[in-house]
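Working notes for the structure below.
Labels run A, B and C following the written order; every chain starts at residue 1.
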Amino acid sequence: MLTVRNLHAGYDGKEVLRDVNINVPTGSVVTVLGANGAGKSTLLNSIVGLVPTSSGVIEWNGGKIENTTPDQALKCGIALVPEQRELFLGMSVADNLRMGAYLRRNSLDIGAEQQYLLEIFPSLKSRLEQPARALSGGEQQMLAIARALMSKPSVLLLDEPSLGLAPKFVEEIFRILKQITGDGTTVLLVEQNAAMALDAAESGYVLDIGKITFSGTSEELKKSPIVRASYL
Amino acid sequence: MLGQLLASSVTAGAVYALVALGFVLIHKGTGVVHFGYGDQVTFGAYLVLIIQFLTGLPFWPAVIVALFASAFLGWAIYNGLMRPLRNAPLLVQIIATLALGTVMREFLRAYMGPNAWSFPFLLTSSSFDLGGILLVPANLAIVGVSLALLCLLFFLFERTFRGKSIIAACDNRTGASLVGVSVSGVFSSIWMLASVIATVAGILVAPVLTLSPEMGLIGIKGFVAAILGGFNSLTGAVVGGILLGVIETLVGAYISSALKDMISYGILILVVLVRPQGLLGILSVKKV
Amino acid sequence: MRLRIIFSVLGIAMFFLIPKLFADYNLYQFCLIAVTSLIVLGLVIVTGIAGQISLGQSAFVALGGYGAAILATNWGVPLWLGIPLVAVLVATVGFLLGLMTLRVEGHYLALTTMAFTAIVQLALVHADAVTGGAAGMPVPSFELFGKSLSTGAELYYLIVPITALLFIVVINLNNSRTGRVFAAIRQSEIAAEAMGVNILVYKASAFAASAFLGAIGGGLLAILVTYLDPAQFGITQTVYYLAIAVVGGLLSPFGAIIGTTVFVFLPEFLQTFQTYLGLVFGIMLLGFIVLRPKGLASLIDIENLKKIVFKSRRESVGS
């Protein structure tokens, strides 16, 4: 279980998140909805340590991980696919994937993983040797997610995966999401596209200017008048 | 005559290329310009002599020890000085690397004396003829070792996973961190590598220039070469180095050998003002 | 206001008292401190207050010293005229150098100013017909109203008032709008531009000021040491001045005096360790830039003292 308790976090002295509490049960898909600037990215970034936590606790697997570093977070099994994707644009698709498995030792395993992922992300298969910067927006998003999956994370943090993508890619991403979660990966999904997010998730939260204003199961969220008015 | 000039150019160019490579490695990798790198090159050459004095080892074993010691020095510089200062203002970082160079130079001046030492390597000045061109063993050694080192680095960065992860980390620090690469580990590796390169460059150049604490002035030549090649590109550093070697040799032969150095420094100013991205690089010189 | 009068009276009293109390050699040292602190003051203005890294201070000193000496030797221009004249010329050179900040800053500015110093030094060595080349050249003695000044005491009465005057001018400038603009430029060029000032002109002026002070310092230094050697005007020397500025306090004119005093008197204390002098200076620079980048001036709390006397604000180095 990934738990966030009384989290206050922000950059450059500016507090973006105020007293945020979130529970992500192992193996489930949880979504956080909110408008631009609500602090959704900050939430995911502070879990892996890209943004400093001023107070509060982030717990995973019984250990406190607030103010860690992204590489340490990955060692604990938490992988982030950030909004900016942060791909190695000069490297090939294959090398980007290989880098995703940086922490893993067994090359046979890694090879098998890459094969498996290329089946799930067919558009990457055809572009294996091309540099990442040659890919379209949608394909880069696929690559970013695949790269994160190469580390076989226990928790996958997705920051607005559908942002700026054509509907075709959005559908594909959520289809892939279903396939991944079937394998038992815990997913914390941050999205503006509330409709698709609530279909994919079991429960969710609403973040408004740094504070959690609503929480519940997907059904409850879909029915809630606030959510319907602002986000659906 | 032209062949002779070519030989001199390539020799000088190879050394400049190595020094430029070290600079660019540190800058591209960690974002810091090591203003004391020239002094570190000098220090590297002296290190061999110091090790010989302290342990009585013959030349080549001392070189091996010196290379390891340099790696350790690089590790120490990063973790002891540059890492604590990583969030300090730019001015502080610049002065810190200047200070580092000064300390190394003055240490050498204090303990080894301000006068030149003879470096026990390639001392035979007997030249031999190669197709009409007069060569000295030093020429061959410098070009040969530089080439070998460059091939080694190419192999490291293009073919090994560890090397590729260093390039990846230079390319995108956040991305690297997200896939589990420890950024401080990468930076340590870069400083260690650059320090070893400095020592190699020092050992190659000490027989040709005179080994004195002032040898560090070669650092500025390395800067010029790095800037010619665009400060952010490793291949650019090598090309810039060779180019500088050629320009200097030609100026020395056809214009005036006294003005050779001045023109090199003048080139630096010219390139920075007119085409800061150098001939190969694409970099931002001014922050917005 | 009252404090200002008290300090001024104390200062003047000390000025006349010191030659009575100290030997000629010590007075010579006072002169050296005065001259060096002038040079470092230039660095404080351009690198400390205005935030523009300059490794060119040695070059300005060299140009000032050699310029005045050459004018005196070859054209008979008396030094009391030559030194300020050359200083104005060198200030123009400094201004032009400062215009480079349009294209470069940070590392690249450091590199270009370093290259400038190297070029000037090489030029001095190669123009040996005029400068005596690597062997150097002697400096004619300073003559005023037919009397030549050469003892420590005589030079003291010349150099110290000039230094004090220049310091007062700089301190007043620092507390005026110019100083505030420099500080704004150091902290954020974008914010400074928003103030409606032409920051390029201000940056170039900071360089010009450092060049002027460096050149005056160079001219006075030439009189003091009576012989110019190009080896004394290279990058090592420029780092030496930087070290003094850092140790004394880059942001503070008083820092220039404090730092210089330390660096000039240190050799006296390290008599037996002469060979380690350079190493000690280097270690001091390294130690201070890492541990106390604001320099000694911040320790002695001169800032608070200044607050009472001159009403200024606390600022940080480089940011």
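Going forward, contacts are C-beta pairs under 8 Å (C-beta built on N, C-alpha and C of every residue); 3 or more make two chains touch, one makes a residue touch a chain.
Protein identities per chain, from UniProt: A = ATP-binding cassette domain-containing protein; B, C = Branched-chain amino acid ABC transporter permease.
As the structure is a computational prediction, the values presented were derived from the model and not from experiment.
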| item | value |
| --- | --- |
| Innermost chain, where centres are averages of C-alpha coordinates | B |
| Most distant chain from chain B, judged by the mean position of its C-alpha atoms | A |
| Whole-Å gap separating chain B and chain C, where each centre is the average of the chain's CA atoms | 32 |
| Distance from chain B to chain A - Cα centre to Cα centre, in angstrom | 43 |
| Chain A-chain C separation of Cα centroids, rounded to whole Å | 57 |
| Sites on chain C at which at least two other chains make contact | none |
| Interface residues, chain B side, partner chain A - complex | 161, 164-165, 167-168, 171-172, 174-183 |
| Residues of chain C that touch chain B when the two form their complex | 47, 51, 53, 100, 103-108, 110-112, 114-116, 118-119, 122-123, 126, 235-236, 239, 242-243, 246, 275-276, 278-279, 281-283, 285-286, 289-290, 293, 317-319 |
| Of chain B, residues touching chain C in the complex | 27, 33, 35, 81, 84-85, 88-92, 94-96, 98-100, 102-103, 105-107, 109-110, 217, 220, 223-224, 227, 258-259, 261-262, 265-266, 268-269, 272-273, 276, 285-287 |
| Partner chain B, residues of chain A touching it in the complex | 48, 50, 69-71, 74-75, 79-80, 82, 86-91, 95, 98-100, 102-103, 147-148, 151 |
